[in-house]
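The letters A, B, C and D name the chains in turn, as written, and every chain counts its residues from 1.
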Amino acid sequence: MRFVLNTGRTIRQGSYVERKNSPVYREEAASLYMNRVDMLDLEIEEGSHVRVKSDQGAVVMVAHPADGLVRGDVFVCLGPYANFLVNPETHGTGMPDFKTTVVTIEPTTDPVPTVRELMEQCGGVGYEG
Amino acid sequence: MRVILKTRPRAKPKIPIEAETIIPQNFLRKNDILVYEGNKERKLEDLFYVTTEGPAVSPDQVEVILTGNTGVIKRVGEYMNAGRIIVEGDIGMHCGNFMSAGEIIIRGNADSWLGREMRGGVIRCEGNAGHYCAAGYRGEKRGMRGGMVEVLGNAGDFAAEYLSGGEVHIHGNCADLPGVEMRGGTLTIGGDCLRPCGNMTGGTCRVFGTAHQMLPTFRRNGSEVTEYGGKQYRMAVYRGDVANRGKGTVLIRE
Amino acid sequence: MTGMLVKNAYVIDPLSGVNGEIMDIAIRDGKIVEEVGSGAVVIDAGGCLTLPGGIDSHSHVCGTKVNFGRYMSPEDMRAGRTSRKGVMHVTSGYSVPTTFGNSYRYSSMGYTTVLEGAMAPLEARHTHEEFTATPHQDMLANTLFDGNWSIMEAVRDKDVKRAAAVVAWTLAAVKGFAIKLTNPGGTEAWGWGEDVHSIRDEVPRFGVTPAEIIETMIQANELLNLPHSVHIHCNNLGVPGNYQTTLDTIDLAPDLNKERQSLYLTHVQFHSYGGSTWKDICSKSEDVARAVNARPQVAIDMGQIMFGRTTTMTADGPMEFKLYMLHHNKWSNHDVELETGSGIIPVYYGRKSLVNCVMWAIGLELALLTKNPWQCMLATDNPNGAPFVKYPEIIALLMSRKLREYEMKVIDPRTEHFVPLFAIDRELDWYEIAVMTRAAQAKALGITRIGKGHLAPGAEADIAIYPLKPDELDPSVDYQQVMAGFAKTSYTIKRGRVVARDGEVIVEGANSTIWTRAEVPPEFDLNNDPEFVKKFEQYYTVRMRNYPVQEVYLPRGVSISTEASL
Amino acid sequence: MKVEDVVCPFCGCLCDDLVVEVENNLVINVENGCTLANEKFMGDHRLKNPIRREGGSWKDVSYDAAIRETAEILLDADRPLLYGWSGTHGEAQSVGVHLAELLGAVIDNTSTVCHGPSILAIQEVGHPGCTLGQVKNRADVIVYWGANPIDAHPRHMSRYTTYADGFFVKEAFRERKVIVIDVRKTESSAVADEFVKVDRGGDYAVLSALRAIVRGKGDLIPVKVGGVTRDQLFRVADICKNAKFGAIFFGLGLTMSPGKNKNIRNAIELTEELNRHTKFTISPMRGHWNVYGSNEVFTWISGYPYAVDFARGIAFYNPGETTSVDVLRRGECDACLVVASDPGAHFPRACAEHLARIPTVQIDPHVNATTCLARLQIPVAVTGIDAEGTAYRMDGVPIRTRKLYEGTYPSDLEILGKIYALVKEAKGS
């Protein structure tokens, strides 16, 4: 199914922003919030893994219901998971479309990657310390 | 005189070249022409194979031809006031900025800010143009003031932003907000566009495709018949933008 | 230190009573001295005009609103860019240059001391940060009190001593130099989108008038024995017919100080308009100059405008909004809680605009009609009337009637019906120019005591040597040379070091910031005043302890201490 | 030891009333702070020492070696990018701009993916704003547009707006009207007197319609604009026009949505229009505690608030071209210095990939996503905890952050100063 991905700050994202290797940060940054009816249509529940795909790539996240979102809209806090999907085009403004990424979402049983794994997919090397 | 500039292979081909010195009049004299590759100054010959054919006594007799990996070359034709530049492929940003006379022909695509703050002359882009095609500078009150920019393909966002004079003709589609802040001149869009002419205060924009998400602040003011490409079209006439002291005109094919 | 000797200089040093003598100037340890030994570095001035370093007594170069002028104007930034060269940093900007741009350009013109015309106390730290990045001039900050709630409360309670205590506390906290009143009362009214329109209008919700604020502050200033007087930007700036407000304000000024004026009126050109609308605006420079001539207790600066593009910026928020309504270009506004306001808009002064031509004439008239040059200083309210780089042109206009007549032919021909300029024959001489560009400023600011504005032994060795030979030039006809000469010194010497040569800055600067510390008896120290502390914590959004500017922001701070007569 | 009036180095609110208890170089308690402040002060997840990537693994290196290598990397580059800056103090930012000028680098700060579009709009039409105390003491109407302060600036409402009692507004909660305009319901919209739900991408049209209504051209407005009913548009316009003092605060909901800077411009022009009727101000909700400081410092040195390209010696500015995301996505830069931010996490993936391709050096106290992409990371003290310096609040008020204890890490200023000295020496100037 096709959705539009919105991103923004959440208090949990902000709280753990200096601990990007931590499970709590991953839990928040990889949380995908969506309308309950859309979740029914996808036949998923709170905590289900979903594969979110855009023209830039795909990443596995965890679905959560959110009452403030209308059908068709999904929300992920700003961070490496959302940014795996965002197009770097800036329309001559320097600012990518962080709030209007078209994505498709499907249920999956694949695991949610760690931040380190995402960065390694970008060509980096993780640091544990 | 014909000057042919063919790009040489570079170790870091993505580092942009800044070449506002590539304008016809600079080739009349034998002085060194300097360009920049990133933060390093280079001689023209270091980055291009340069071939010169025939004589010229004035810049309008000079034709510069650019070939090769030209899509990363910025500011070609800036402040150009005579002669002709032909780009065989794509061209980088800011081609023809402040140009006052002469002609630039681009066979491929042009990157953003094509003909920014242009004063006169002609730019013809046979491919697509990037964002801010024929637009203004950040914070400056007036954008393009004269001359003609013609794009045979599509243009990106903010085409003809701050247009104040002259003519912009996009044969294909425009993306978001063409003619935004327009104050004068004429913008013609052969294809479709999104949200044309937000906040316009003057000038005329014609859309021969579909104008999606037309803003609610334009007042319908009858219809008229307009010719385009040899055909007659019936156009809905709008005045606006009344969010501002809108005295602009938008014509949209009915 | 072996010292330096400037030989063969054609010196004009008005404060020392020197007018055009060829003499040598000895320098040691940054000061002028009687003599130096034979090992001193010798600079041959070759008979060229040598003056104390220039002092700008009203300019906007550093701080929140100046930087916002840059921030919002990339089109101005690109209009004056230079690259890094030698010790010189990159500069950008024409009317609002970057800090280094301001500093280099002033230095190239021989200016060594500049007063920032308006610093909001709450944002003082910003001004001081930029002062440090303006390294070739010693800096001073006029501190805004025009809409200060504690001041207005003291005025309402008719408590001059309380007002003095607020000034003393604030100047010490923010490392300010003097009291500035910008549209007194008007900036508070602007907090509600309103303004005051005469000195007798009541400030909404405070029950005081501008006249009461001005009178109280003049008294408080003298109680504190501050070096400078109250520095006022009158109400009704830029409004046709405003000369009456200006005359009313001048009338308020008592004569309280033997050393200097008791009230400094800034950019008076903007306050000398007759008429009632933009259509019938005319010059009232004669009325204003007459009032100034009759009252030695006031001093003014010109606020000259020059044709071209510039940016207006002032704490006078309501005025900028009015200007925006005329120009419809861009407009910024920045009210500062409990204290003041500010506004910025770009403008273009055109020779085709009759109003602009009248304004241009008024500034020159004020300088030519004020009999005593010590009472009228040369300034443009940089950048409001014009960027300071236009000073040499203004000097040439004041020195040459011929140049004024030449200008008359290219401006709006109707101008002469609205202004007296073209009937004035006076041409200022070198001495008068020297007074109006440094000596009068030093006296008016009260900084001769710290060695500013003169070249007597003991003074700071701030010296400008211009490539001008007064004996060989007739400024009334050689105005081109006058302009070129004042634009670029041969040598600018700051605290005994050559900092600029032929328009190029050659060393890294190290300036001072001059501020005022008025010592008050403990019962007037507001740190111990529970009511003041309580209101501060209640209504400011910054804690009182985080408000004062720490010493670290003034790496070379110079404080002038005074003993308050409280 | 208890330290009072501590300045919080997290968000643009720059609250300065925290009470922090310190014991043995560790913060053990924070009073008055929000959740974000508590986490920031109590966090203890510092990188211990400089690290260097060698092949597929990391090795510890000395500060001196790391600093020297950083200078060499930057000197070798033809188009270096110096990015970040918003999480450090002004004094370090200043050295950064001078370093960029010396190197011929592009320097950019986090505004580029935050309020950069707001700056572009301000450059077109200006900015009628004020300090936050002006709002606290006077405002009777507050509008949050595309902003969710409860999550992003948790104490904004209690210190400056909704719940902040002021001189002329004695009982803020009762006397103030709060309007929230957003594409989704949030914690913040839940406390609003009026919630205006805009369709995604509809902000520009809604703003245009409001301007037209305020100008008296409301007859033209159709029954619905951008998902908002004509009735509600008129009601909002009325509330605004009848305010004694109105204040709009806007967030990334406007800067990041289609139209970008043009949305902000439209909002500013609405504010200007409202000033013909009453007093109105507008202010961006700046994110990082010192992002505004980086704009200020960049501006007084270079003339431009962000995205400055010194490649040609002079300062050149053109967001969309000289902005970090564009420089990275085009693969232009051949070295990158990241200071006090995390582009690995906060830039689109394509940019992160380029950072991994080129020599990237990070100066930051913490291990973050960019760490994985870097060749070198140099840990530093956290400004506001074990380093001090100047910060600018979202409204431009400068406040000096405090050093709470004498730690063992060098500050950003010390590290950058050493890099600058090495580069200057190599350049022979």
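Everything that follows uses one rule, which is that contacts are C-beta pairs under 8 Å (C-beta built on N, C-alpha and C of every residue); 3 or more make two chains touch, one makes a residue touch a chain.
None of these values were measured; they are calculated from a predicted model.
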Response to the item:
The pair out of A-D and B-C sharing more C-beta contacts is A-D
Worksheet item: Of all the chains, which has the CA centre nearest the overall CA centre?
Response: D
Discussion item. Need the CA-centroid distance for the pair chain A / chain C, whole Å please.
Written reply: 56
Worksheet item: If you average the CA atoms of chain A and of chain D, how far apart do the two points sit, in angstrom?
Response: 22
Worksheet item: Once you find the CA centre of chain B and the CA centre of chain C, what distance in Å lies between them?
Response: 45
Worksheet item: In angstrom, rounded to a whole number, how far apart do the mean CA points of chain C and chain D lie?
Response: 34
Discussion item. Quick check on chain D: which residues sit in contact with 2+ other chains?
Written reply: 120, 123-124, 258, 310, 312, 317, 319-321
Response to the item:
By the touch definition above, chain C meets two or more other chains at residues 72-74, 78, 330
Worksheet entry | Numbers and ranges of chain B residues touching at least 2 other chains | 112-113, 131-132, 138-139, 158, 176
Worksheet item: If each chain is a node and each touching pair an edge, is that a line, ring, star, complete or other?
Response: other
Worksheet item: Considering every pair of chains, which are in touch?
Response: A-B, A-D, B-C, B-D, C-D
Discussion item. With touch defined as at the start, can you tell me which chain B residues reach chain C in the complex?
Written reply: 137-141
Discussion item. Going by the contact rule set out above, which residues of chain B touch chain A in the complex?
Written reply: 112-113, 130-132, 156-158, 175-176
Worksheet entry | Touch list for chain D against partner chain A, complex | 10-11, 35-36, 39-40, 43, 45, 47-48, 51, 53, 56-58, 112-113, 116-117, 120, 148, 150-152, 154, 183-186, 189, 200-201, 252-253, 255-258, 260-261, 287, 307, 319-321, 323-326, 328-329, 342, 344-353, 355-357, 365-369, 371-374, 377
Worksheet item: In the complex formed with chain D, which residues of chain B make contact?
Response: 12, 14-16, 18, 36-40, 93, 112-113, 131-132, 138-139, 158, 176-177, 180-181, 195, 198-199, 213, 215-217, 219, 241-244
Worksheet item: What residues of chain A sit close enough to touch chain B in their complex?
Response: 91-92
